[in-house]
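Two complexes, one shared chain (chain A), two partners (chain B, chain C).
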Partner chain A sequence: MGSEEIILGGIQLNKTYKTKERIVRPLQNIDFCLHEGEILGIVGESGSGKSTLLRVIACLEKADSGKLLLHGREYTGSSPSFAGRYMQMIFQDAYASFDPRMKMIDSLREAGRRNTRGAAGKNCDAAALREAGRRNTRGENSKDCDAAALRKPHRRGGTDDSRITEIVREVGLSEDLLWRRPRELSGGQCQRMSIARALCGGAEILLCDEITSALDVTTQAQVVQLLQRLRRKEKVSILFVSHDLALVGSLCDRIMVMKDGVCVEEGSSGKILGQPENEYTELLLKSLILL
Partner chain B sequence: MAKELLKIRNLYASYGEEPVLLDISFDIPEGGIFCIVGESGSGKSTLLKAVLGLDRVLVTGGDILYEGRSLPGMPDREHRKLLGREIGLIPQNPAGSFNPTRRLRAQIRETVESQGMAYSEKAAVEAFGAVGLTNPEKVLSSRPYELSGGMNQRIAIAAALLPEPRLLLCDEATSALDVVTAGAVVDELFSLSRSRNTALLMVTHHLGIAKRMSDRIGIMKDGQLIETGSTEEVLARPREEYTRRLLAAVPRLS
Partner chain C sequence: MKKIRSPRQKKKILKIRMAAAALAAMILVLTAVFAEAFAPNDPYKTSAALIRTAPCREFLFGTDNLGRCVFSRVLVGARTTISATVFLVAVSFLIGTIVGMLGGYFGGILDEVMMRIADVMLAFPQMVVAIAVAGILGGGLAGAMIALGITMWTGFARLARSHTLSIRNEPYIEAARLCGVSPVEILGRHILPNILAPVLTSALTQIGTTMIGISGLSFLGLGVVPPQAEWGSMISEARAYIQIAPWAVLFPALATILTIVVFNYLGDAVMEYREL
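For the complex of A and B:
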């Protein structure tokens, strides 16, 4: 369904953690690409490296080696705030991702402010360059300066209150909910609100980390429909991490199966569900408790 | 027809002032598996708490009969004696029910002894083996925080099965596990229930689990059981619109 243009990519990503007893390798030579308007599913058990991959992509963690590409430009080693202009994480625990004391409208305005700062044309690039320069003199290896060469995010974020209201309606919520605090919303409403916040930030890529695992089947179906609508209408590209192969199969165009930090199989949803080649994919399929 | 073990008759219950359960009735025979399916907030967990007499759930009408004896009408001491030994519970979050830093052997021993039975290492090793834990001796010597979520969940199941209860309550026992582990745990629970003739009252929002395990199913919405029947019948020919909506929301492999 996505266009041919690759919006996001990773080449030979590696990541290693050392604990007292052992060495964990959540990413081992991972390659991936995400086309514009595509939904790519990443499936695996706990500890397979799915979440680490998302965190590395969002620059919340640094990979030990490998390259990250955005619109064909390398952004490896950029700051989280730079990556945040183009992509936003949505977490499993929506409540925990909001400040419990802030009203929704304030959380969304904050995201919108960050977006306008990020997408304000020349000023932005100059600021990014200055910031990158500062970092380089501090000896940090930052490639934020590539921002000058990158094209701006094409989506308009939550620049003012009327746009925020529009976005909130788009995710299927009533604007009255903007005046509530996180705990005054249901789990499904709060998760939609965190998607709205990502859109207010102007993100064109959503990095979804098990975003429906804490929700009921009916609420899960609503969130899934929302993602499909956003992809269709807003051309949002989505990386969808989940351990539920049935869910991923019904939502995604392509699927990557991960095990112990290695991508064991990759292909279209039809192929992965219909003719899996890898033993582990077969095990995942067999373990599904279906209706 | 097997003897009825648990009978719930026109049960009304509330949390403080707020009524949560409205006119609930169903039976579970010895060794039967009954599954209650519903969304968050439908009152599923409250029903389990009412059976266990926990957490200030107030029974305001109707009755819960265990082998013909009324549980809400029973003196507290007698009710507590049934818990664990006759009526077991597998909680949703096992990590929250164990002390993370004490060795499991000591915790299991304490639990078993508090139920008035003698702890036997052999029985514990067997119980751990039965739920598919490899190397049970080593697991008994470990502390919960050193083990994965799936292992902790299996241990909670083993601990609940150790006194050989006749009725086991499961509150979303697999929702915290990933698919491969959940599938294995569900299958183990099912075969253990069948081989020991243990009745199960399961609460879940996962219709697939209900289909795989249960003989009978109850669909719960806003504190009411809106549809009950044999699992096959309800899933194949749902009478209620809500049940049809639930079924339609489940992702399928196409």
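For the complex of A and C:
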């Protein structure tokens, strides 16, 4: 279980898509919070809004209304580049998440480039936060303060080639794979490589969007073990989206159940799996037992 | 009975076709570049005594109405025609690709404005616009190239835009955005290399059409100004006495056809190879 400090949060998030035929509301008044070092699972059937929530959190899509908070400070409406300083998305299709023409080393270098620019460590960020907080109380523009406060974490102090190699070994891959293109890797290797890319970028939050759904059971288990290890060793916080309730139950500290863009139930894994209060959650559990 | 070939065999055959077409195109380009070194006679030297001489050992393609060596003029004309064509296609390709990529990636008003301009350009037949513009600009190769280029970039822009649209929301582009890669870098490092092949293939197939356009404008007197050698203008000049000296029309026409066939063949081979 993670610490009590809330690292990421969302308040009353709403998102609407308008098509010619109908209006789709993938997010309706969604509230959530993610503690430091915690794994929060988001489950629900297809079209329940899980992936949209991740995309909104990563600023790849803008919410119609609501607030997004990072370290207690609002970052709603920021660019993906800004969000990427703190969080990285691991996509369902690992192959599609890498440029097919680029070698892995180049993709990882690209992710790590920004991480090498600053020289500050985590303490420096804390100092920046404190300084920004002081300025905020003096009535300065809060958005500027936030931007100053939310400079990149630089928790790994730069990502040069030796660090990239180290990270690749950390995720259980051979460094030889760095000189291959995405299609020359297996699905599991490619998914691990995308986790390595996220770490190269200095992410402290991983947004995992159905990352195990395209993998076989053995590889799924390896990836899940890797996430658990990263949470323990690197203190990364993870938002884990999946429709596999059993997997989410075994991996996550808390679970949020979504249906038609609404959070129908939220609680600890034990509570959700043992004593569900919502009918839909019960239905999901029943379908799990039937399988 | 038709022989069934595996994809690997087909690819091998296409590779050979591509290599042969590329070699032929290379020979044509090199001939154009070193035309003066290969030309046996001065292409601009007139001679009253040699007017309309039939092909012989000294004048392989005969002489024209002013006694100029047609073979030498075809060689020197290759430089004008091929270099003008390649330059025009390259510039149109560059402008069109940049415009299409910008419109496709950023969308919004920029895309709307660019694509409406392209629509206006495409609303008129290319040759009609080219004749009108070349007429306004007056004779000369530069005028002909501008006249054709005004509409040509639109095809590349549309193609580049559609390919950019199809990949701009790919996870690897989103991953790059999250990694803090700037839009310019995304366009240059991720989008351009991934859309280059189809747009470049289109450029190759455009070479033949452009060559016809330039030669056509020269033929109409809106392109190259005499006495500069250019295949279209050579045909135009010689058509008045085609019954007396058909070689003066035949050889520049054959050179035009051969070059167009070679570049079209190369374009088709590259396209087929890509599609396999």
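The definition used in the following text is that the second predicted complex is superposed on the first by the 254 of 291 C-alpha atoms of A that agree within 3 Å, B and C clash if a C-alpha of one lies under 4 Å from a C-alpha of the other, contacts with A are read in each partner's own complex, and residues count from 1 in each chain.
The rule is short, and it goes like this: a contact is a pair of C-beta atoms (placed from the backbone, for glycine too) under 8 Å apart; a residue touches a chain by one contact, two chains touch by 3 or more.
The model shown is predicted, which means the values in this text are computed figures rather than measured ones.
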Would chain B and chain C fit next to each other on chain A once aligned, or clash? fit
First (chain B), second (chain C), both or neither: which does A:Arg101 touch? second
Is A:Ser65 in contact with chain B, with chain C, with both, or with neither (first, second, both, neither)? neither
Under the stated touch criterion, which partner chain does A:Glu110 make contact with: chain B (first), chain C (second), both, or neither? second
Considering only touches as defined above, state whether A:Gln228 meets chain B (first), chain C (second), both or neither. neither
Touching A:Gln28, do we find chain B (first), chain C (second), both, or neither? neither
What is the contact status of A:Ala83 with respect to chain B (first) and chain C (second): first, second, both, or neither? second
Regarding the shared-chain residue A:Asp93, is it in contact with chain B (first), chain C (second), both, or neither? second
When the two complexes are superposed, chain B comes to within a least CA distance of chain C, in Å, of 10
Set intersection of chain A contacts, chain C complex versus chain B complex: none
Within their complex, state which residues of chain B touch chain A. 39-40, 148-150, 178-184, 186, 205-209, 211-212, 235, 245-254
For the complex, which residues does chain A have touching chain C? 58, 60, 79-81, 83-85, 87-89, 91, 93, 96-102, 110-111, 113-114, 194, 197, 201
Of all residues in chain C, which touch chain A in the complex? 170-172, 174-182, 189-190, 193-194
Which residues of chain A touch chain B once you look at their complex with the stated criterion? 45-47, 186-187, 216-221, 224, 243-247, 249-251, 273, 283-291
